[in-house]
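The structures considered in this document are given below.
Shared between the two complexes below is subunit A, which pairs with subunit B and subunit C, respectively.
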Partner chain A sequence: MSSMTRAGGYAKKIGLTVLFVGLIVVVWAAVLFLAGANPVLSFVYIFKGALVGTSNLFSTLDLMVPMMLLALAVAIPGWAGVWNIGGEGQFLLGALAAAWVGISIDLGNPFLDVFLALFAAMVAGLVWSSWAGYLKVKLQINEIVTTLMANYIATLLVSYLVNYPLKEAGSSWAQTAYIKRPFQLHHLVGGSQFSLTFFISTGIVLVFFLLEKRTRLGYELTMIGSNERLSYLGGISIAAKRMVAMLLGGAVAGLAGGLVVLGNTYRMKEGISPGYGFTGLLVCLLADNDPILIILVSFLFAVLQSGSLNLQLFSDIPVEISGVLQVVLILFVAAFRIMIRKKER
Partner chain B sequence: MSLGTSEGIGEQPVLQGSPDKVQRPVIKLHHISKTYPNGLRALKDVNIEVGKGEIYALVGQNGAGKSTLMNILYGLTMPSGGTIEIGSRPVTISHPMQAIGLGIGMVQQDLMLVPSLTVMENIVLGTEGEFKRWDGAIDMVKMRATVQTLLDSLECSIDPLSIVGTLPIGSQQMVEIAKVFWRNASIIIFDEPTSLLSPIEAEQFLQFVLALKAKGKTVLFISHRLKEVFAIAERISVLRQGVIVASLAKEEANAEKVATLMVGERMEESSIPPSAPGAKVVLRVKDVPLAANASKTAEMEIHSGEIVGIAGVQGNGQEELFDMLLGKAIPRSGDILFFDRSILRMSVRARRDAGIAYITSDRIKDGLAVDRSVLENGIIGSGKAMGNVLIRQKEVHRLIAKMVRSYKIKGGENQKQKVRALSGGNMQKIVVAREVMRNPTLLVAFNPTSGVDIAAKKVIHDSLREIAGAGNSVLLISNDLEELLELSGRIIVLYKMCPAAEFKYPEYDMRQIGMYMTGVRSEGLGE
Partner chain C sequence: MNNLISTIYSIMIRSSTPLLLVALGGMFTFHAGVLNVAMEGLLLISAFFAVVFSYVTGSALAGVVGGIVAAVILSLLYSFFVTTLNANNFAIGFALNIFASSLTLFLMRIMFKGQNAFNSPKIAPVGKLAVTTGIPFLDNYVFNFSILTYVAIVLFFMSSFLIYRTSFGLRLRIAGEKPQALESAGIRSNVIQFKASILCGICCGLAGAQLSLHNVRMFARDMSGGRGFIALAIILISNGRPMPMLAICLLFGLFDALSVELQGANLPPQFPLMVPYIMSVLVLFVFYAREKRGQSKRKNSISRV
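This part shows the complex of A and B:
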């Protein structure tokens, strides 16, 4: 009996999924049409621009690096029911720290150099998330507010530093000098900035997948998120675990900054992030804090973003259309998820 | 005036199935029954008639069905059967708006106010359209004058402009009552109105209810504080397990009689006597006040091999005692000793590691994470058994398999099954089993069998007996008096945050216990 109804439930779920994907495509087409483009051609441009040809494909994969890590930076605290909206600021400080190390230190061994720069980036992100985490667990100050505000502080701080003390001598831009050669990760595929950073970030996401599913820490973090009162009763130290989650989130966001500096820009500059923190938040929301889904959703977002660049080349549609398409996706998925959950009740 | 017998009280249901006759009844509930979708029978063939301008009290233990009955009258719950007549017109009340339209108002036990708004804003909330000016804005001056008139008519001196959150509880309740009057209620239901109030506020409240009667309002009053009931009510109906066991005029009743009716007679003596207590003192509660307003401190001792029951009507200190034993609340003074060692400064984890286990009273709120699997819910608090860094997959699977087998947790065979899919009884078995299987030295069990069927109840009772049989101890805090009588070697009755009496097996007297629970007798411990 119950297995039959469960099978029926799955059939319904699959049916609903197909329906929703169809609806999303229809609304996307409508948006593109209203923007003055031929929807079918637009889809072709987006697809080609994102996935056809090695340079396009690997550029898309490279775009996933900050997205995945910044989504993970939201997801880890999210497991424990804490919101880290501060990924952007943690990213910026991580990038700054990596750039500073890359400019001023050289240990003589490229492996050690890269390791040191990335370590510095993680520490910077961790430190930047720590005070918001501390205020949350000690004084119950809302972390959404503090982490969000921390972004503005970080943005302005970095802006000051790259405009004045760390500015490249003689440059007219707000940017630092290039990091030294041993810090610069090689671009592995011609025509794209794809590098080792993709494997590092994917590896980190997988490590956290295992942490969530297989370790006591992951279990305790997700139990706090599922039922805080039960976790308290079960003897889990909620404040300490939430602090750890916040620090890990900050470290991962900082690492993303370091990877972008070492793999893409080779320097710190004003406006290094086109809003990675926000994109990461959206990816994480769509992926429901699940590391594997974060990889998939990041890929989808990267396709939309890099494909829209191509769309802009061949039509009058501005690249910002990718933002609209992403938001359509989010609205539908949010609605979809609520419907599924209601069904389960 | 009212029907009801003065002989045979406490033996048999007095009025089951026949309505009591009242002159000019304004409310008639006939043959009302309620069976919840999960099979729980909350009400059986309830008949009530309330006269116009009467103060009518409904008393009973927790879970007797009082709130269900009143929720039916207020349109919050639909009855499974029976008829309702208001002012001799048959009605169907499927929503509180309909009840309000019929002149019925309800003051809930938990106040439903917006603390950041003013008194007048709270009172008119939802009907503020009446004060719309020609330009669409709300006419605050007119609102204030109107609300002031209303408060004056209630002889209530609260300023309509004060912020509700800053008022004492008694005044907040007056705001709640004013809300009901704002909607022109002529029938007012009070659900445990005095439970939040200080003694002085409670006294004022009772005077207020008498004044309402003088104004011709009909009052339905739910309470288990019998002194208050007898101070104001003209008629009293006693609900027990969903059945009206008696409807008495105040003159024919006395508090002792009603208390006995509430708890009923014992069906049968327990077949298994409680195990004999050992010499070791496992837990000692020393001179601890359960709440700031407790008139005296609590003293308790629990020996090895003993099941000690804590009886009382809900809200008389059980929650506070549990929280202190857990470490969520710290007593203002006194000490709690576990094997002569103070546990006051220990974290929950440390207390658990020391050998104390906890069963909470609300499995949905803090007993389970219903969207997580049977396995994940089963291993929480298992300490080192689950591993310190990596989760020991094999061992936890074996542990849960054993739990599912020995407790017959239906639906738990698939350990990845979400707990939400299990029935209430099987959920509760997980809550109990995971604590019992840790083999605790002391188990603090708070309503361990709430809302479970007889079979699950037996499994849970057996496992509590097993703990005591093995020389360990159980502190059983329960709303279910039958359960306490069946399992405990001793019963301590809590009333108004204080231990009121202690009974030893086998000298259990339901009447006596009932009287201490309802505050009819209260000379304190050591009678």
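This part shows the complex of A and C:
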């Protein structure tokens, strides 16, 4: 291909993308209008609530933490063609494990304490993802069903634990006691819960970006996902690699739970996740399993979510509008991607 | 004792009805070659619109029809993406499930100012087939269930007939197994798949109405509670064959009944609530493990020969 046509191709692609973004904005405006809001004002409220002022901006960035990691928890098994829908449950058990360590153990060194709690969170997520992964690779049981059932079981299990054995004495809420001081990560910016967790999670995403692009494991995983037969002929042990991918996904989701406990809530409680697992799934669908895109899409979704809180304050539109806007975006992007692919053929 | 059995039986029938309806719907797309992952969303959205239409018009029939229409629309959207655009069915299915979850929650907040649930005496429920014969067995075990239960039974026989005894059913199954064969006969397999997804929408619509207009008379956030996926598990286990599917639906209804009965016992409520989810994993495990053993036995016998 000559450089001329390539430049032409890029121009066309950029043109299409701009057209597409315009279309999405129009559709979003239509949704807001149907919901009885003034679309222009709504966009302004969302933008201001998410990005204007340090506390708003850093709250939005902080919201990206669970989103990025839970999207990554879908993406890593996704590279190998396995669906991990169980992020929510892995997140909850990770959060529980971190909280339990934070309540009952103290090594006397804040660094070691935090490390231990996060390690426990990862192990909890990993263990919880393991049985669904094992059933998938050993018996070919559909992992979508098992990981989804795992979410319900984990939610109920955690609900039992924070309502009975681990419940804070004397509290009327379903929650544990606060984790000890050394475990609590400081909030770095006043007016928001932004903390070290943002850098840890971004770092993890970047590590997995390198793993995907630069290591043998990453190559093998994406190869299994794109052509199972060829990778079998190439001598890759598909079952083992898929299991590893699932376990890594579980560990990352568990870590997300640990980070939210150590950086935001400082305790485990019922309803700690407002559906992070499914938001992560949406992020990953939109980012097409790509770690760098996961960071960008998480930012966009965090803007929508924290912005709609502001929208709810200033209008009659409930905060759940962000979920509707996100899915509308995903459906359009899916259609758009397919159109582009068909054209390229 | 007799009383307990009839209670468990009636809960079993009540809760296996939506499962059977959803599984029937999924059976159509399963045979047409599409594993429908959006059934959870179809169930939820129809449960919501059944309540809305029933509340606004005061008629249960209008509620059921409203639920069906909503489910069919969402099902067609799913089909458009999966069949026409050839998008990944799991990705679109999950996007639509989450869409149904956030849309129903959003609309509930706007329309009824409800927080996590909406109920009102103005919601007209789907009634029971009230027949009193004076014979306890007939009254307790045959009559007096939701009208939709009887609809489900009729639909069960109709769909078995449709799939295995009609030319439409034959084409449906060929669309799933060898679409090229259909194409070469000049029949477009995606038209068949669209028809299957309309049937799926209708069944899921009825199931949603049974959930929100009979089993309980309200709409609650995410009230489908994984039933769309339990139905998917049932379809996978039965491999889309109607009779085993019916049996497994009743089995899951029984698990639900046990869960309800155990909630009366002196136990933390979380454990009884886990029963259907744990059992669906266990049943999947038992079934697949048996099948795997069967396969390896067969392999061994061949190698010995």
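Quick notes
We adopt the following convention: the second predicted complex is superposed on the first by the 336 of 345 C-alpha atoms of A that agree within 3 Å, B and C clash if a C-alpha of one lies under 4 Å from a C-alpha of the other, contacts with A are read in each partner's own complex, and residues count from 1 in each chain.
The rule is short, and it goes like this: a contact is a pair of C-beta atoms (placed from the backbone, for glycine too) under 8 Å apart; a residue touches a chain by one contact, two chains touch by 3 or more.
Keep in mind it's a predicted model, so treat the numbers as computed, not measured.
Superposition note: with subunit A as the common reference, subunit B and subunit C are in steric clash. When the shared chain is aligned, no partner comes close enough to touch A:Leu19: not subunit B, not subunit C.
By the touch criterion defined above, A:Ser226 reaches subunit B but does not reach subunit C. Look at A:Ile330: by the touch rule set out above, it reaches subunit C but stays clear of subunit B.
Here subunit B and subunit C are compared by how many residues of subunit A each touches, and C touches more.
By the document's definition of touching, of the two partners only subunit C reaches A:Tyr164; subunit B does not. After overlaying the two complexes on the shared chain, residue contacts for A:Ile85 are found with subunit C alone; subunit B is out of touch. In the superposed three-chain arrangement, subunit C is struck by just one stretch of subunit B from 5-13, 59-67, 113-121 or 311-319, namely 113-121. Contacts of subunit A with subunit B, set against its contacts with subunit C after fitting on chain A, share not one residue.
Across the interface of their complex, subunit C is touched by residues 35-36, 83, 85, 135, 138-142, 144-146, 148-150, 152-153, 156-157, 159-160, 163-164, 278, 281-282, 285, 316-318, 320-321, 323-324, 326-328, 330-331, 334-335, 338 of subunit A.
Within the complex, the subunit A residues that touch subunit B are 214-217, 219, 222-223, 226-227, 229-237, 344-345. By the touch criterion stated above, subunit B contacts subunit A in their complex at residues 326, 328, 347-349, 351-353, 358, 360, 365-372, 376, 379-381, 383, 386-391, 393, 420.
Residues 37, 77, 81, 85-87, 90-92, 94-96, 98-99, 101-103, 105-106, 109-110, 225-226, 229, 232-233, 236, 268, 270-271, 273-274, 277-278, 280-281, 284-285, 288-289, 292 of subunit C touch subunit A in their complex.
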